[in-house]
Structure formats: C-alpha cells, structure tokens
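Can you read through this structure? Questions will come right after.
For clarity, chains are labelled A, B, C, D and E in written order, and residue numbers in each chain start from 1.
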Amino acid sequence: MKMDRRSFLSFVIGGAAGTALSPLPWKVTDDLAIWSQNWSWTPVPEDGEVGYVNTTCSLCPGGCGITVRKVGDRAVKIEGMKGHPVNDGGICILGLAGLQFLYGPSRIASPMRRTGERGENKWQKISWEEAISEVSKKLADLRSKNQSHALACISGYDGGTVPRLFERFLTVYGSANFVRTPAVRDSYELGLYLMQGTQANAGFDVENADYILSFGCGIIEGWGSPVRMFKANSHWKETGVKVTQVEPRLSNTAAKSDQWIPIKPGTEVVLALGLARVIVDESLYRREFIASHTAGFDRFVQNVLKDYPPEQVEKVTGIDKAVVVSLAKTFAAAKKPLAICGRGRGAGSESAGEIMAVYALNALVGNINQKGGVWAIPDPNYIRWPELEMDAQAAAGMQKPRVDGAGSKKYPHIRNLLHRLPEMINSTDASPVQALFVLEANPYYSVSDSAFVRKAWKKIPFIVSFSSFMDETAANADLILPNHVYLERHEDIPGAEGFIKPIIGLAKPVVNPQFDTLHAGDTIIRLAKMMGDPIAKAFPWEDYEACLEETFGDKWEALGEKGYWIDAGFEPSPWNKAFETASKKFEFASDDIGASFQNAVVKAEGEESAYPLLLIPYDSPRISAGRIGNPPFVIKTVADTVIKGKNGFIEVNPKTAIALGLSEGKSAVISTPRGSAKVRIHLFEGIMPGVVAMPTGLGHTAYDSFLAGKGVNINELIGPVEDGSSGLNAAWGIRAKLGKA
Amino acid sequence: MSKKDEKEKAIALTGDSEASSPPDGAKKEENGSGGSILLFFIVGFIASLIVGWIVFPKLLYSQKKQPIDFNHALHVETVDEGCQSCHFFRDDGSFSGVPKLTQCTGCHEEAQGEDPEETKLVEEYVAKGREVPWLVYSRQPNCVFFSHAAHVKMAKMECVTCHGPIGESSHARIYEENRITGISRDIWGKNIAGLKRNSWDRMKMDECAECHASEAIKTEVSIETPMLGFFNNIIRLAFPGTEKPGRKNSVQTQHEACFVCHK
Amino acid sequence: MDSALIPKGVNRCPLSELILKLGPVVAVLLWGVVAMFMCWIKGLNQTNMNDSYGFALWIWADLTVIALGGGAFFTGLLRYIIGKDKLKNIINFAVLIGFICYSSALLILAIDIGQPLRGWFIFWHANVHSMLTEVAFCLTCYFMVLTIEYLPLILENRQIDRLPFFHNLSHNMHEIMAVFAATGAFLSFFHQGSLGGVAGVLFGRPFAFREGIFIWPWTFFLFTWSAAACGPCFTIMLLKITERITRKKLVKDDVVDLLAKIAGWMLTTYIIAKIIDTWYWAMVTAPSLGFELTDFYSNNPFYGMWILILEIVVCGIIPSIILISKKGRSNPVSFMTAVVLAVLGACVNRWAMVLQVMAAPVLTFEGWPMYYPSWQEVATTLLPVAYGIILVALSYRYLPVFPQEVELNPVESEDQGGKAKKAALSGAEVSPARA
Amino acid sequence: MKNDQAKKYGMVIDLDKCTGCGACMVACMAENNIPFKEDESNKLDSITWMRVYQLTNGKPYPETDICYIPRPCMHCEGDHGHSPCVSVCPATATDYSQKTGIVSQIYTRCFGCRYCMAACPYHARYFNWWDPVWPNGMEKFLNPSVSPRMRGVVEKCSFCFHRHQLAMNKAFVEGRRELEENEYQTSCAQACPSGAIAFGDLNNPKHTVNQLAQPDNAHGGQPKNPEVFRLLEKLGTNPKVYYVSSREWVRRAGDNYLKNENPGKAH
Amino acid sequence: MFPFNFEWIWDMSHLVFMGGLWFALNILGLGMTYCIIKAAIDTSKGKGGEHS
C-alpha cells in the first residue's frame, strides 16, 4: 500500500479524531492551566503547627513585649504582646519588621577576619576558636605592655547583664573605657542628679498628665518608649488632654498636637525660662511645693529669670510675647501639667541648661514625683555579682582617666561622652585607643562629623565588632564576632525608656540561631576564660545562660513564664524623701545649675555670613536612626518626598526656596562647615523659613542593597557642639547654605 | 523564489489539477484508494486512541515510592481513636494533617517489632531526628484553603468521603506525580477520563463546587434548582428591588464566594 | 520571479524592489518582535506602565486600531446588508484593513496581559457582566468573521484559484457572505460599543463614567458610532496613501465619494451626539460627583483643555462639515484634510478615554501622575503598523484587492516591465482627470 | 445562615489618633507576604495593600496642617449593587461575598488585565510588575495562610480574610458558627499602636465599628455620626472603610466638592 | 462559558450574553462547514478551477 498524500491526510484526520476522543488534549489543557497558575519559582510557605513565643524587643530602648508567631520552626510574624505593661498589644513599625533582621541579607553568618583594606569588605571565615584566640592574643599583648587602659568598648546600651559583662571584662582587664552611645537620658540623669541629688532615670507619667508641653520631643517619632507614647497620645485625644508642641518644624508630633508653636531652633531653653519667668511674675507657681521642698528659688528668680522677660523671649525665639504669656498661663493653670524635652527621638543628649529649665518648669507647678509628673525611677539594681579581684595591672589601668574625659574634673557628673572620642584620638600621634570593642552600636555611622570619625578610626589598630549585621562599623572592623540577633538569644532588658515603673524584660530565643553566631555574653565569657587568671576568675559561669540564671536567682522561672518582671506597686518617693541634695530639697540654683543656665543657649556652629541657613535633623517614625538600619519593609514605607531612587530630599520652606531659585525636586548642594552633600529639594510649608531639615538614619553605606546608598547621612554635615558646663554634645543643628547643583 | 521552486510548484499544481478532475479511467483506482484512505483513517484513529488512553497517562505521571511503606491497617488496629489518633485537630482549629516525626517517636522511639520498614523509620529518621519526607496524596496547590474543621466538625463528613478507605490499606501506594503540574494524581483521579465512581476518586475544584454550588444554596436560601433559579432570575430582572439582601453569597457566581476555598 | 502569483492584468514592481523597500519595515517589525518577547519573558516591568496607568499606550493603540478597523464592518454593512453595491470595489481593501487592525488588536492584548498563558480564562471563566468579556468575545468572533471575509480574497490568488476546491470554496463563501457580514455587523456593533462601555461603566472614575440605557453607558453608543464614522475615513486615508505609493488609481472616485459622504453624515450625527454627551457630562454628571469640568483637565501639557477642543472642534466639527458638503469632498486637499482629521479625532477620543481616565485624579489628595512609554511599548505598538504595511503590500501584490485596478490601469504588455511602469506612472497622473 | 445574619466587615479609622507612623503598612506586609524590591521609592509600582497618605490643608507656614490617612481596600459594596472592581473583572477573579462583605481576589485566576485597577478610584489595587523575590532565606518568614502572588497578577487588601478562615476553624472545632469581635481582627487593626483602627461587623450593633460609624444601611451605609466620613462617598461606591476626624478640612478632603459647595452633611 | 463552569448561572444575563455568543459562533461554524462541504461536492462534480 502506498502512503500518498491523501492517505497521509486521512491518517492525520483519523489521528485528530482519535486524539479528540481521548483524554490527551483535555487533560493536557487542564494541566497546563494548573501549571500556569503555580509557577515553580513562586515560593510556597511551608505549613505547620502555629505557636507563639513571648519575648522582649530590644531594637530600641522602648522595652516592648512582643509575641512571635511561629509556624513549625519558622518565625513568621511579630506582634505586640497583649497585656504587657509598656505596650499592651501595640507594636511599632520597626518591631513589626523584626523578622527581616532575623532572616535578613545583612546578617553575618560566621566569625570573620578582614583580609583586604578596612572597608573593602574582603573577609575570611574563621572558626570561633580562632577568632576568640586572636582577640585574646592581642589583648594579652596590650596588657603585657602596660597598655590595658588602651582597650575601649563602645556599647549601644549599658543596662543588663551583657553590657555589664563587657564592662566587667574591661575592669578586670584594666580599662575604664566602657563608653555608651549618647541618649537624652544622659541629660536627664544629669538634671536629676543636680536638682534632686538622685542617681535615677527620668520617668514621665504621661498617661495621667492633663496638659503636655513638649519642647521638640518627637512623641510620635519614637521618643521614650514609642508604643507607650502612641497610646498616651490616643489617650490624650480621648480624654481631651491638650498638647502643645514647640519646634521649628511641623513634625508628626506637631501635627498631632493641639497647638504647634514654631520656634527658632536652639532657643527652646529661652522659652522655657521665659515661661518660668511669667509663672513667677504672675505668682502662678505651687506655693506649697516651692516653699517647703525647694532650695535656691529666690536665687533662681534673681540670677536666672531676670534675663528672660517676654519681650526678650520674643526677640530670641521668634514667638509672640502674648503667646508666651498665654502659654505660661495655660501651663500653670492645668492641674497636672507636664513639660518634657529631648529633641526628636531623644537619641542624642541635650544641654544641661535646657533640661534643667524644663525641670524647673515642672518644679514650679509642683509636678515632681506626682501623678502625671516627672518621676525619678531608680535602676532596678538586680545584678549582684561577686566582687572583682583586680591585679596590679587592672588597678593601674582603672586609675587612668577615661579617654572620653567623662567623670574627669572637667566633666564630673557625666558617665559617657562618645562624641569626644574622635577628637581625643585625632589630637595625639599615638591613639589612646589601641583596641576597640563595639557592642550593639554603630559609631562609625552614628557619631557626628563622619569625616573626622573616619580619620580617628584609621588610627585605631585593632577593632572588634560584635555586630549581627554588616553595619558600617562591622564593615570597617578587623574582626567580627557576630552576636545572635535578639530573636535568637536570651537576654535581660532592664527598663523601658521614660516608663514609670521599674521593669525588666526578658528576651528569649524564638528560633534556633540561623547562622554560626555566638551570644556576645558567651563570647566575652569565653574570651575571659581564654585569657586566664585573673580575668578568667572574674567570670565563674560556665556560659552566659548560667550567668543569667544565677543573676536572677529565684526570679528566673517567673521571669521566663511571664516574659518580664515589674515592680507594679512602685510609687515615687514623696517630696520629703525624694531629694538627696545637700539641702534635702529640690535644688533650683546650686553652682553647677547656675553655670548650666549661663551656657543655656547653645549656638549652632558656623558663621551666619557664610552660612545663612540653619540645618536641623529630624526623626521620622519610618526611618530607624539608631544602631540598626531600616529593614526593607520599613524603607518601603518612606515617602517619595524623602527618598526617590538613591536621592535624599531636604525640606525647604517655599519662601526660602524661591529666594534661592530652587523648586520642588530640583537637585541642590547643602554645605555646612563640616561637609557638603547633594540633595533634592522638597518644598514643605511646615518648616520655618530660613531653616532646612533632613532626616536622620539615611545615607548608609553598609547593610544591604535595600538600604545602602539611599539619601544622605546627616552626620556627614553636622559636628558635635559641646555644652560648656556639662560637656554633653548639645548640637541641635548647624549653619548651612544651599545652592543649585 | 528561485526558478527551481517555480518549476516544482508547476509540477505539483499540474499533478493536483489532474487528481481533482481525473480522467474516466482513473475512477476505479479511486475506489481502491478510497478503501485505503478509510484504512488510514482507522489506523490513525485507533493509534491516537491508544496513545491518548494508554500511553499518555503513563508518560504523564512519574512514580515515586513513599519513604516508608506505611501500614495504615496495622496502625488503625492498635490506636484507640481511629484516624483522629494521628490526624487530629489542634486547639486552634487547624488540622494536623500528616503526622510529624515527634508523633511517630511517641511509640517508635525504638523499634517495636521486626518489620524492616519500622527499622528504617527508627534508624533513618527517629535516630537522626529527621522528618520523614512523606508524599501527600491529597496535597492541593497553594492557592487552596481547605478547612477540615468546617467539613468534619460542622458538616460531619467522614474522612472516607474524600480520602477513601486509605485507613484499610496495609501498604503505601505508589505516589504518582503529574509531570506538568507537580501535583499528585489523586487530585485528578485514577481514571484518566476524570470519571469517578466513588466520592473520593477525585479532588479537583469541580468536586468542591459540586457540593458548594448546590448545598450552599440549599442551606442558605431556599431550595433552588437550576430551572427554578433561572425563572427566579428572570423575575428579579423584571422586577428589580424585590431581591432580598443576603440572598446569595457571591455576587459573581451566586454560589459560595471565592474566598471560601481560596487564599 | 513571482509573476505567476501576481494577478492577471496588473502591473507590479520587481520583487527585488519590493524587498528593498520593505526592508526597513521588516526591521521595525523585528524590533517589535524583540520587544514583544521581552515583555513576555521578563514581564510587564519592561513597560513604563504603573499602578496608576494600568491601561496605557497599548490599550490606547488597541482601542484606536479597533475603532479605525471599524471601516470593515461598516463598509460590509453598507455593501451586504444595506445594499450599496458600488462599495464592492472597496470592500476588499476595507476587509484587509479590518483584518490587520483586529489581528493587531488581539496581538497587543496578548502582550498587554500580565499572565498571557492564562489569557483564555477570559473565555473559560467568563464574567458576563464585564465589558471586557464582551469585548474579548466579540473581538475574537469578529476576527473570525474578518478571517472568513479575507479568506476568499486569498483564495482568489491566481495560483490558488486554479485549484477547483479553493475556487469553489471562495465562490461559495461569496454566495453567503451577507450572512457573515450580518453576523460581523452584529458582533462589531457590540464590541465597538463594549469598548466604549469599558470606560463608561467605571463609576469610580468620573472622567469616564456616563449614564446610559439599561447596562450600556452612552459611551457604548458613541464608540460604535464613531467607529462607523471614522473607520471608513481610515480606509479612505489608507487607500489614498496606497494610491500615492503605487502611483496608481485603484478605486474610482464615485466609490470613494459615496463612502466619504456616508462617513461624513455618520461623523456629523456622531459629533452632535458627542457634544450633547459632553455637555450633559460637564453640566450634570460630573458636578453631581463633585467635579467641575476644569478639574478633569490639568495645566500640564499632556492633559490640557486642548484635548477637548481638538477632539470636538478640530477633529469633529470641521471634518464633518467638509465631508457632508459636495464641494468639500471634491477638493482633494480639503477632502484629505477632513479624512485625516476624522482619523485623528478617533485617536484623540480613545486617548482621552484611556489615558486621561487613568491620569485624572479622583482622590482629592492625589496629583496627575505622568507617564511616558518605554521603548518596548513603542516598539510593540509599531509592530502592528509594520505588520500592516507588509500585509497590505503583499496582499496588493498577489491578490485582486482592487477590482477596478485593471480597468483603471490597463496594461499594454506584460513582458515589458519598463513600459508598464511608465504606463502606471502616467495612469496615476492621468486618472484623477479621467474620473 | 439566615439572611439577617449576613455580616459586613468594615473598618473605622480615627484620623485624630492616627499618627502616620506606618505600622499598619508593615503589619500588613508582614502578614500578607507582600514582596519588596531594592527600590520602592516609585510609589506607583510599590505594593502596599495598606497605604498611608499624607494630606495637607494647603495653607502656608505657620498655618499648615497635616493629616495622615491610611487607605486599605475599601471593600466597596456599590450603590449599584456591585463594587467598581468586581463587576468589571472579565475572568471572575474577584468577587464580593454577601456573607462577609469582603471583596476577594483570586491570584491564580487573575490573568493581569488590570481593568479592576482602572475601575478603582482609591488605587487600592496593585499589580505585580515583578516576580516576587525574597533574598537570602527571607522566604522563611512567609505566612503559609496567605499564598504568595506571582508576577503579572493584581492583588489587594483582603481584610486579612485568612484570619477569618482560621478563626472560623477554631469556632467550628468548638462547635460555634459565630465569631466574637476580637476573634477576627485584621493585622493592621491589631498592630496599630495608636489604636486608631477599629475593625468589625458594621451590621452588628455590639461591635465598635458600628457604634463609631453608625452606618445607615437604608442609605447605602452613610454614617450618621457627623464626624465620620468615607472617601469619595459621592461616587456611590459605598465603601466599608469609615474615617473619623474632628477637623473640617480633613473631612472635606475626603470627597470632591464644587467650589461653592458645602459638604452635604451638617458638620 | 459552558454550563458546567463554576461561574455559570442560569440567569438572564448569561442566557442573553452566552446565547449571543453561541449563536454567532454557530452561524460562523455552520456557514463555513456549509461552504466547505458544498465546495467539496462542487469540486467532485467537476466544477471550478482553470478547467471549468
């Protein structure tokens, strides 16, 4: 039989008919439909049993309780812990994105030794044994040269067992240079010490105050314990508590407040003292408190307030004197008025004068240690470890003055002055810091005047980072000993910023460590053990967990169950017991205080003629500006008027912009005495003419591609300005000029 | 086009025109070729039927063995609460599905008998703390949300209705995976035509819809047969406004809304 | 070389010349194909569309080619149903243009969707309440009609026609073409309308939303009407361009005049309806939703009030006046102007009903988002143009598209290419006078 | 379920309390497996089911005022009996449930024509221009209750419907068919540190949302509370997300008004 | 599209819409079938082509 064309055609038609009557085409179509609905490259999350772990968030000093939802052994979501005394179920934007830190691309997977130049990001993976012994050898070497005091440690926090272990290590090694990164609590501690004579943290009973006068506090931007402040804000709205916000920029807080009073930046202290003057002049103060529980009131009135009549206040602050007077009256008329200060998030210190002016205001209305007022919260003093046995080397090292000058004759009441460190290093040939530990901090990025910091950094021969992430500091270290992230480790988190009850949160490992990391507590214990006696002797615990358990003793189990410990019945000391000054009274005008007021107004760096504008940093709730960089989710929420592509924006009042010939979106160059940067213009009616503002927390060079290279690090543009009396860095901005790019 | 092509074409065209109007003498031949044409048709027809019904299904599915030849029948005998002993509801209402290793470990910390399969479990998984990579016959694509609670607890359906008498099996069946979709054959069903004799033969959306399209209407509105529904819809169109709110669940399909079974 | 394929009695340039001239067009086509595959493989991130401009250049191109392809259905309607027999001389060309437009539209839609492999869900899982479903169904069906209408023309190729079966098939299809044309007219009416409905039913978008009858917003009828008016103009425009390029008179002027006259009246009635619609929308519909007419037009150059003026006055009133007057039609310059303006009018209308709908802010706190197409979008939009040119060229070359061509351009000798060309040349110059 | 028991889940957002912190956005992203790219600063292709807009009163310094307005999907019911987006979807990939009042989106059904996005005046719908990529093991935090979407489909806020499903599961196991108010809450409502977002059944007088908004079901759910408004109420989309503000300019910014027109309700 | 699809409802809109669709498809299908069959018959009768 011949297969001709027709036969073939017939065969094909038969085949087609048969195929149509077979399941083949229909089944294939159906399968292709299913295939095209389930692409293999779209991940399918594994299902499993859902479980919850209560722990404490330590991304900021807020001390919130969090509940982590797990599916199988994966952590899938972080939520606020219901019933937690600080945040009761609420959670902030950063806390919600926490799992992006845990599983994020900027995690450091194992101990690493630098192989290229610093900052080149060339690393060699090494074992923990090797890493710790390398540190041990360096430190032994330093110590053998009687240079133990040349070891320093910069830490992002100083409460709790982990930083205390580091401090203990430094002490027994022979160095007093444990430096905590700055925070507004430094200023508050100083204020409390000078005016009340107490070593305590400031707590604010914001829930019970009935009028809030805020000198630039970013209540909504993350001041204090962010979630608690958000809740307080909502509570104020519900109960009709009025909020007055004094700041040069319409921040979220200003927008949420009932009254926004724009003020020339840096003159808040003048307004505070001006208000005090009105209150005194009009006798609106609480006599029963002033008369019986304060000292130096008359001297305060005569020596300080005489310089602040409303006319003078108007001249300096730019606020109409009528507004000043009415503000003072409103404040004094409230039953439980509360004045607070600490710009933005309170991530930096303030001048002593400003803090004390605000304290004085609270004192004038008698709202110290009262319901709705400012409380002195003692440290929960729970860490009681065996006394140290120091050898001669350690004792000698501890006698040496600190490199940052804190606690010296010049700065007697200050514990940490990180901003002075670069200057101290740069001012001598041989760096006073020969070895540096960095724990949960990112000073390479966050200390102001970045160029100067970089210069100092180069002079430190040996830098060890304990960071979990490839932040700027880690990227410029010699050795990285990566810590577990907070969701992988046990740790005690004492206190919650600004909270009114002593509280200790417990962080618990939610998941197993994802990488070859080691708890920083364990690292330091192992390092101590490797260094041998007498250092090893100071660390008698087998590991960190044993240390933590021993520290808490019988509280341990309860703490583990609940996730936190709180002194719920805590009440602030009554007036007759509260003050531990020499006079046992609230001190208005000791010598130290008087000096502080004399230096109250901190001027911005730079000459007005060369730099006609004022540049101020602002905090945004959507940009993490602390030791941790913004995770991808959070950076995603940042408005396109803050970052666009890689460009960062500067906020300019349209009036200012018109004068400079700049319009929305245009490129420009901002220059200050400390540096200059390319920015784009965002016109904003909510900023004072003549003032320009840039967000903090941007311009990272390290971390991951989601964050790096976006915007400008404002620390490149601003340098520290020392408060003459306290030594604290009281910079609030810098003079600047803006020109077309 | 080259000249050669043209020539060829011309030849082909002539051939064709001849064939289309054959001379008388060719008629007989055509009858003969007519028979062969039919034969070719039948050959093609049957061959494709064989390919479609027999060869194709074999090619379509890859066969995988379960890691352990699990004996359901044996386990059902020993446990107290039937299926629920291992496949249970958690307190949060979710269904545990295929047991995790910890559940096996409860009894099989050490081998209880001589069975080589049990030995395998103990040695390869329990001892090493490795999860058994069971192949789940009833695994649905990720877009599907299925609530065991709704069906078992509320609708009081039996496990057998959807899963079949798997509890009576003493060996683990071969798991067949569709090479195109990567989905188990149990979803489409053993029968390649998609026909089913038992309620558990197929697990496609059609099977869900079968109940959800009718039952939902029955329980939530009134008994509305397709014809009655048709007339009701005409009435609704003619007299708008007489519609009762909440009459139907889905605006689009008037059955159950999509989110009932999808995520 | 390919003379065996060329219809009898007409003159065509040498194949090499055609290839040479089509070279750049093929290049554009290939560029478009590359862009098309980029969109399919890499996804729609290759475009500059975004969440504000979910519909952009492509959908505009889609709506426009469909509107302009409307010449096919309307000419078909006139020819087969109304019985304007004269139009048989242009119907082939109209069908060809329609076929190109509709196949392009389908291709663009296939590129435009995010999951092209699931595109058939629009049929299988059809939601009958969606205007887009109606569009897809009628578009596909009507494309089938156009294929059926185009097929006999292909079968009439000299060589194919020699095969008796195809000859008979083509003959039979001609016999019942009225049935297909009627179906086509029915389908076309609905999908042209549905395309208008696509925008008109968007009650969340006050710029697009229109009231209407039953389920159909006024735009439904306006779109059909405008397609019927502007489609024939597009056919005429392309005819004139073809004549210019081939330098031949291809269709007698009385045919063109008839079609133009009908189109002119369609355009006149359309523009009256459009003015009423715009007036009602600006005075009643929009204000009831809180909008003033000026809210819909921004001061940026893309969406200024000029669009409205251009669409209604310049591209609506002016061409309709020209086309309904005998004088306007008889002057070649004014005639061409009117035809071009009418085509432009359809383009502008679709532009506004697609892009401006997306751009006009509805939330009070939003601005006008801007959009410019990426090169991939431009290339894939030019792809159908190139494909159309090629298909017209090939159809013209090998198929008896213009029944009057032989009569209008008598060829003296088939073998003497040079002479024939000359004749053709002179024909192009002479013919207007002859008509 | 009887007819009168039909639920209408909705939201009331207190703009006086809302601080614009963005926690709701991230809570949503973390719950619903929202993808993220290296550059998300082009807000026109950035997927944020919940998006917080910034409004200004348009006055110059120092009279400027700012308000933040979180915008999830409005889950419109539509005065016309259909939401703007549901009726236009050609492939029945989106649906309105009369049982819950939730507008669903079935990603595997959607083929990406984007007509629904054109129909939605709130820009609540987002297209997946890119394939979602979770770098370096980040897919570990994906929520199994929500299926990740592929490139080329439209997605939007679902009112965390999977939470409803899970809550119903629990209720079923306990032999209930009804949920308590707190058993089904969206991720954003749960997370909001200001407590600005209330979520619940608008038809249930015991629920906070009903008490706050006082919806008038006879009139398309219009709020009876004079401080409550909805976005673009005039369009007749009948959204189920209500906003509270004590500020007149904010309420006015919720809809379009002719120059001399006063908002319809006596505020 | 088909009555066995989940989306199908026996209501007016489906009847009208799908009815129209199937009607049109049938006209086209039947029309073409008619043409092809008739052409085949005609051809077998010897009509058409250059030879006719």
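Just so it is clear, contacts are C-beta pairs under 8 Å (C-beta built on N, C-alpha and C of every residue); 3 or more make two chains touch, one makes a residue touch a chain.
Worth saying up front: this structure is predicted, and the values here are computed from it rather than measured.
Fewest steps needed to get from chain B to chain E, stepping only to touching chains, is 1.
Within the contact network of the assembly, the step distance from chain C to chain D comes to 1. Farthest from chain C, judged by the mean position of CA atoms in each chain, is A. Between the interfaces A-C and C-E, more contacting C-beta pairs are found at C-E. Ranked by how far their CA centres sit from the centre of chain D, the chains are topped by E. Legend note: the chain whose CA centroid lies nearest the centroid of all displayed protein CA atoms is D. Averaged C-alpha coordinates put the centre of chain B at 36 Å from the centre of chain D. Put simply, the C-alpha centre of chain D and that of chain E have 47 angstrom between them.
Chain centres here are Cα averages; for chain A and chain E they lie 74 Å apart. Work out the mean CA point of chain A and of chain D, and you get 33 Å between them. Of all residues in chain E, those that touch two or more other chains are 6-7, 43, 46, 49-51.
The set of chain D residues that touch two or more partner chains comprises 42, 54, 82, 87, 89, 92-93, 108-109, 131, 147-148, 150.
Residue positions 32, 37-38, 44, 47-48 of chain A are each in touch with at least two other chains.
Residues of chain C that touch chain D in their complex: 43-45, 49-55, 112-116, 118-119, 121-122, 125-127, 129-133, 136, 198, 201-206, 287-292, 295, 357-358, 362-366, 369. For chain D in complex with chain B, the touching residues are 1, 3-6, 81-83, 86-87, 89, 92-100, 102, 104, 106-109, 145-148, 158, 161-162, 165-175, 177. The touching residues of chain A, counted against chain D in their complex, run 37-39, 41-48, 71, 74-80, 87, 89-93, 96-97, 99-100, 102-105, 107, 220, 226-227, 230-231, 233-234, 237, 250, 252, 255-256, 260, 262, 514, 621-622, 632-640, 643-646, 653-655, 685-689, 704-706, 710. Against chain B, the residues of chain A that register as touching in their complex are 1, 3-4, 6-8, 10-19, 21-24, 27-28, 30-32, 34-35, 37-38, 40, 44, 47-50.
By the touch rule above, chain E contacts chain B in their complex via residues 6-7, 9-12, 15, 43, 46, 49-51.
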